[in-house]
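Look for chain A in each of the two complexes below; its partner is chain B in the first and chain C in the second.
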Partner chain A sequence: MAYKAQYYPGATSVAANRRKHMSGDLEKLREISDEDLTACLGHRAAGSDYPSTHPPLAEMGEPACSVREAVEATPGAKAGDRVRYVQFADSMYNAPATPYFRSYHAAINYRGVDPGTLSGRQVVEARERDMEEVAKEQLETEMTCPGLSGLRGCTVHGHSCRLQEDGVMFDMLDRRRLVNGTIIQDKDQVGVPIDRKVDLGKPMSEAEAAKRTTFYRVDNVAFKDDKEVVEWVHRVWELRTRYGFQPKN
Partner chain B sequence: MREIIPNKDGRIQVEIFPSRLLNAETAEILLTELNKVEGISRAMIQGPRLPRKVYAGPGTGEDVRHTARKVVQIADTAIELSISVGRIRLDIADADVKEEIRAVCEKILPFPFEYRTGHFFHSKATVSDYAKHGPNANPSMLGMMDPKANVEDQVCILGAQKSD
Partner chain C sequence: MADRERMFKKAMEVKYTQEFGTNQNKGGSITDKTAKYLRLGYTQSPRKVEMAAAGAAIAKKRGLAAYNPMMHCAGIPLGQRQLTPYTISGTDMVVEGDDLHYVNNAAMQQMWDDIRRSCLVGLDLAHETLEKRLGKEVTPETINHYLEVLNHAMPGAAIVQEHMVETHPALVDDCYVKVFTGDDELADEIDKQYVININKEFDKKQAAQIKASIGKTSWQAVHIPTIVSRTTDGAQTSRWMAMQVGMSFIAAYNMCAGEAAVADLAFSAKHAGLVSMSEMLPARRARGPNEPGGLSFGHMSDIVQTSRTNKEDPAKVALEVVAAASMLYDQIWLGSYMSGGVGFTMYATAAYTNDILDDNLYYNVDYINDKYKGAAKTGTSNKVKATIDVVKDIATESTIYGLENYEKYPTTLEDHFGGSQRATVLAAAAGCGVAIATGNGNAGLSAWYLSMYLHKEAHGRLGFFGYDLQDQCGATNVFSYQSDEGAPLELRGANYPIYAMNVGHQGGYSGVASATHSGRGDAFAVNPLIKLCFADDLMPFDFKKPRVEFGRGAMREFVPAGERTLVIPAR
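Moving on to the complex of A and B:
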C-alpha cells in the first residue's frame, strides 16, 4: 500500500484547510498574469528578462559531484537567477493563510526555497523564477484573499489591526484598495507606484473567509474544540520537554 | 452594572472603541455629531498612522497619498486626519452626557462598538511631559498628544475664536 502523507491532525474545517495548504491540494480562485505579478513584486520591469548572478549551470562546467548528479537544480538555479523574495501579511480576522502555513506550503511543495516565518508576515526567498512560481500559486489559490492578505515587502503593519469599514485589512502604504467590489493594487510590495492597476480579484465574504481560514479563533472554530489537535500539541510539547531535560551528572 | 467613578474634579472619561477602523467620512460625521453634544471638554482620537511618505525599505521617500488621509471639517475647523480613526476618548461632564454620546454612536456607527468608562487621560505630568513642557504645563493638555510632537500639529482647539 502506498504511503499517504497525513500532514495535520484534527476534524474541524480549520484542520482540513491546514492539510490543504500543506499538501498543495488547493482550489484555484483567480487568475493573475505573469506581468501583473512581476509588477506587484517590483524586483524587475514587467516583461524584462531575468537578471542573472552567474552564468547558466550548463555553461559553467560543474565539478564532478555525486550530490549534484543526484539532485537536479531548480529552473532558477540552472539559469543563474538572482535570489529575490516575496512577503505576505495575513489578517488575524480569518485570513485564509497564517504565516506558518504559507511556510509549510512553500517548504513541502517547492525545492530551493527559504521560507521565513514571523508573527505577522511570511517571506519566501528563492531564485527569482522559482520564487515567482510560489508567489503565483499562493496568490491565485484559496491560500489568499486579496482583501485579508497582502503582498508587503516592508511596512507590514495591519495583520493584527481591526479591519477597515469595507472589510479590507489596513495598509499603511495603501498598496491596494477596494474599488467597485474588487481589490486593485497600484504599488509594488514596497510601496513604489507601478505603471498599471492590477486586479487581484474579489475579496472573500465574511462567511467564505470563516470557512477557508487556517486561523483558530474563539469566534469561529476554537482551538480547544479540535480534540485531536490539542492531544497532538500536548504530545509534541511533552516530548520536546523530555528531550530538552538533560541533567548533567 | 459597574459604578461610574468620576475624577477628582467630578468629570467622567469614556472611550469609544469601534469594531472596525473608521473611514474618513464616518469619522467626520461622528466627530461632527459629538461636537454638538454639550459637556465634552476634551477629545482624543487614536489609530494606525497614515504617513505622507514611505519611511522604510527600498521605497523610502516615495509619496504614499493614502486615500484615507483626508481633510475633515468639524464645525468651523478643518483637520487633516493623519490616522485611521480606531478609538475616541472623551472627557465629559456627567453620566447624562455619557448616554447622549452612546446614542450618537448607535445612530452613526454601522457596526458594533465597545463603550467604556475609565481613566484614559493622565492627571499628573510624566517625565516625558516634564521634559517637553516644563514644570508649568497646561494640565488639560496632559495625555492629549505624543510628547515628541508639536502641539500645533496634533491638538485642535474647537471654537477657540468664538470664546476669544
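Moving on to the complex of A and C:
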C-alpha cells in the first residue's frame, strides 16, 4: 500500500484544518487577478516584466553538475527573477492561517521557497514569479480571510490586537478596510498607495472563521481538548530530552 | 482553580478601561474582543508630548534635525491605537512605557552600575603574606585601620605619595569597601561601619548555610565609583580596586613601597582572591570581566536580595530576579551592547509589568501546593522528586492556564503584543513553577522547553525567527552532562552557546535558577560571596526590590550615583 502522508495529529476541526493547509488540499473562495496581486505586493508595476538578476539559466552555460541535473529549476529561477517576498499577518481571533501553517504549506507544496515564521507575521521569499504563485494560492483559498489577515511587509502590528469594531484586524497603516461588506486594499505591502482599489473579497463570518481556523482557542476548540495533539507534543519533548541525556555514553 | 480572580485584572483595567493622558480610552471590559481605535497619534501620551517639545527645541538650538514623532512611518506617528501606561508588577506604580527604556530610567542604569562596579577580594591571603613574608602583625585593630585607610583611598585619594591629584569626594560618594567573614568572633571585633553582618542580614538558617559555605574566610566587598565605571568598563573594576588596595596595605602597615616582598603581597592581596561578578568573554564578543555577557544566571540570582527579605514567598523571589535579569540581559546586554535601539525594552517589560507573569506563577504555586502536598512552600523536605512526569504535569498545567488567559482576556494578549513576550512569560512561569516544586533548576529548564513546544502548537506561532529556534532545539541539552553541551542552569549564562543571541530568554532563565533555591529557602543560588556582596543597604540601588526601584526610576524619584552636577555649570 502506498504511503499516505498524515501531516498532523488531532481529532478536532483545528487539527483537520492544519492537515488541509499542510497538504495543500484547499478550497478556493475568491479570485484575485494577477494585476491586482502584483499591485498589492508592490514589487513591480502591474503588467510590467519581471526584473531579473541574471540571464535565463539556459543562456548561462552552467557547469556540469549532478545536482543541477537531478533538480529542475523553478520557473522563476530559470528566468533569472529577483528573490522577492510575500508576507501575511493573521489575527489570533480565528484567522484561518497561523504563521507555522503558512510556512508548512509553502515548504511542503512548493519548491524554491524560503518561509520565515514569526509570531505576528509569516514571510515567504522566492523567485518573484514563484512567490506570486504561493501568494495567489494563499490569498484565494480558505487559508486567508481578508478581514482577519493582511498582506503586510512592515508595521505588521495587529495579530494580537483586539479586532476593530467592524470585526477587521487592526492595521496601523490602514492598508485595507471594510467598504460595503467587502475588504478594499489601496496600499501595497509596505503601505505605499497603489493606483487601484483592490477588492479582496468578503470577510468570513465569525462562524465561518471559527470553522476554518488553524488556531486553538478556548472559546472555539480548546487546545487541551485535542488530546492527541497534546500527547504528541509531550512525546516529542520527552524523546528529545532523553536523547540529550544519553547516560550510556 | 482556573476561575480565580486574576492578578492582572487591576492592571488591565488601568491600562485598557481608564483614560490615561488624552487617549480617550474609557469604558469597556478587559474581556472585550473588539476595541475602538481612535488613531489619536502621539499627542495622547503626556511623555511623548514632552519628548516632541524637547526634540523641537533641540533641533532649533543646534540647527540640526532631532527627534520628531512625525518621522514615524512617513507621517503616521505612534498612537494609531491607544497609548497606554504600565503597572509595575507587584506594586501599584503606574508608569509610561517610555520611562522603562533604560536611558530614561536612572534606577535601571544604577542597577547595572552597581553590579559592574563591584568586585570581591579575599583578605586571608593578604594577611598570611603580611604575617609570614613581611613579618607584620595582623589584628582586628590593624584591620580596622586598614579599612579606614582603604575607604579614604578607594574613591581615588592619595595615600602614600606626594604631588598627587585626587578625586572630589562628592563625585565619588558611592564608592566604599565593606568586609564580611564567616568568623563571628572576628566580625565582632571589626568596627561595625565596615561589616556586612551575616547574622543580621540573614535569618538564622540562611546565616548558618552561608557561614558553613564560606567557613572562617574574610572578604572585602568593593564598589568603585559609578563615575569611574561609566567612563571605563567592567574590566576596570578589579584594576581600580587593586591599585587602591595595594597602596592602602602599604600605608596601613607601614611597608616599603619598593621591596620585592611587596610583589608577593600585591599578588596575594589584589589578584589571588579576586572574584568578579562575571567572566570575561571570548574575543569574538570582546568584553572583559564584569560585563553582562559573562554574568551567570546563578550570580544574577545571588545579586538580587529578595531571597533574604521574602523567604516565605519563593515566587516573589523568582519574579524579582526575572525583572532585574530581564532588564539587564535584554534591555542593556542584548538590547544595547549586542545590538542597539529601542525594541528590546518591550521583551523585558512583559516579564515585569501588569502582573501577567505573576498571575501565572502564583496560579502554579496554588496548583503545586494542592496537588503535590505543599511542594511550592518554602522548604527542603517538601519537594517533589524531579521526574519527567512531574515536569510534564506542572509545565502543561501552567502553560495551558497562561495560554487560555491570553484567549479569555484579549487585553492581556494586546498588552503582550508579540509572541516572543508571551513565550517568555509562559515558559518562565512553567520553569519557575517546576523549579520551586522540585528544587531542581534543570527540571525547571525542562519545563521551559515543554512550555515552548505546547505554546507553539496551540497558537501556531511562537517568537520571531531568532527567538524560537533555540527553543526548538534546547530540550536536548537540558540534561546533557557533556561539558560542551550541558551545565547546571545556575552555571549557564548569557554567553552559554545557544543562549548567546537569545533575546527575551535570559531573564526568565535567571528566574528559574533563582526559583530552584527560593523554593528551598536557600541563602544563595550558587555563590554565597556574591549574595553577601549585595546584602548591603548602602548601595544606591535596592537589590531587595528591583521592581519598585524600576518604578521609582520611571517616576523620576530615584536618585542615582555618579552625577557630575558638582563640576558643570548649573542649568
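Criterion: the second predicted complex is superposed on the first by the 245 of 249 C-alpha atoms of A that agree within 3 Å, B and C clash if a C-alpha of one lies under 4 Å from a C-alpha of the other, contacts with A are read in each partner's own complex, and residues count from 1 in each chain.
Just so it is clear, a residue touches a chain if its C-beta (ideal position, glycine included) is under 8 Å from a C-beta of that chain, and two chains touch if they have at least 3 such contacts.
Since the model is a prediction, treat every value here as computed from it, not as a measurement.
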| item | value |
| --- | --- |
| Fit-or-clash call for chain B and chain C when the two complexes are aligned on chain A | clash |
| Touching partner for A:145 - first (chain B), second (chain C), both, neither | neither |
| Contacts of A:26 with chain B and chain C, given as first, second, both or neither | neither |
| Partner chain in contact with A:79 - chain B first, chain C second, else both or neither | neither |
| Residue contacts with chain A in the superposition, chain B compared against chain C | C |
| Contacts of A:37 with chain B and chain C, given as first, second, both or neither | neither |
| Touched partner set for A:124, first chain B, second chain C, both or neither | neither |
| Touching partner for A:193 - first (chain B), second (chain C), both, neither | first |
| First, second, both or neither for A:162, with chain B first and chain C second | both |
| A:177 touches, of chain B and chain C: first, second, both or neither? | first |
| Partner chain(s) touched by A:153 [first = chain B, second = chain C, both, neither] | first |
| Chain B and chain C contact sites that coincide on chain A, given as residue numbers | 155, 157, 161-165, 167, 170, 172-174, 191 |
| Interface residues, chain A side, partner chain C - complex | 18, 92-93, 97-101, 116-120, 155, 157, 159-165, 167, 170, 172-174, 191, 214-219, 222-224, 229-230, 233-234, 236-238, 240-247 |
| Chain A partner contacts - residues on chain C that touch it in the complex | 32-37, 73-74, 76, 80-81, 388, 392, 396, 400, 403-404, 406-408, 410-411, 413-414, 416-420, 422-423, 446, 449-450, 453-454, 456-465, 475-481, 485-486 |
| Chain B-touching residues of chain A, taken from the complex the two chains share | 153-155, 157-158, 161-167, 170, 172-174, 177, 188, 190-193 |
| Contact footprint of chain A on chain B as seen in their complex | 18-23, 26, 48-51, 54-59, 62, 64-68, 84, 86, 110-111 |
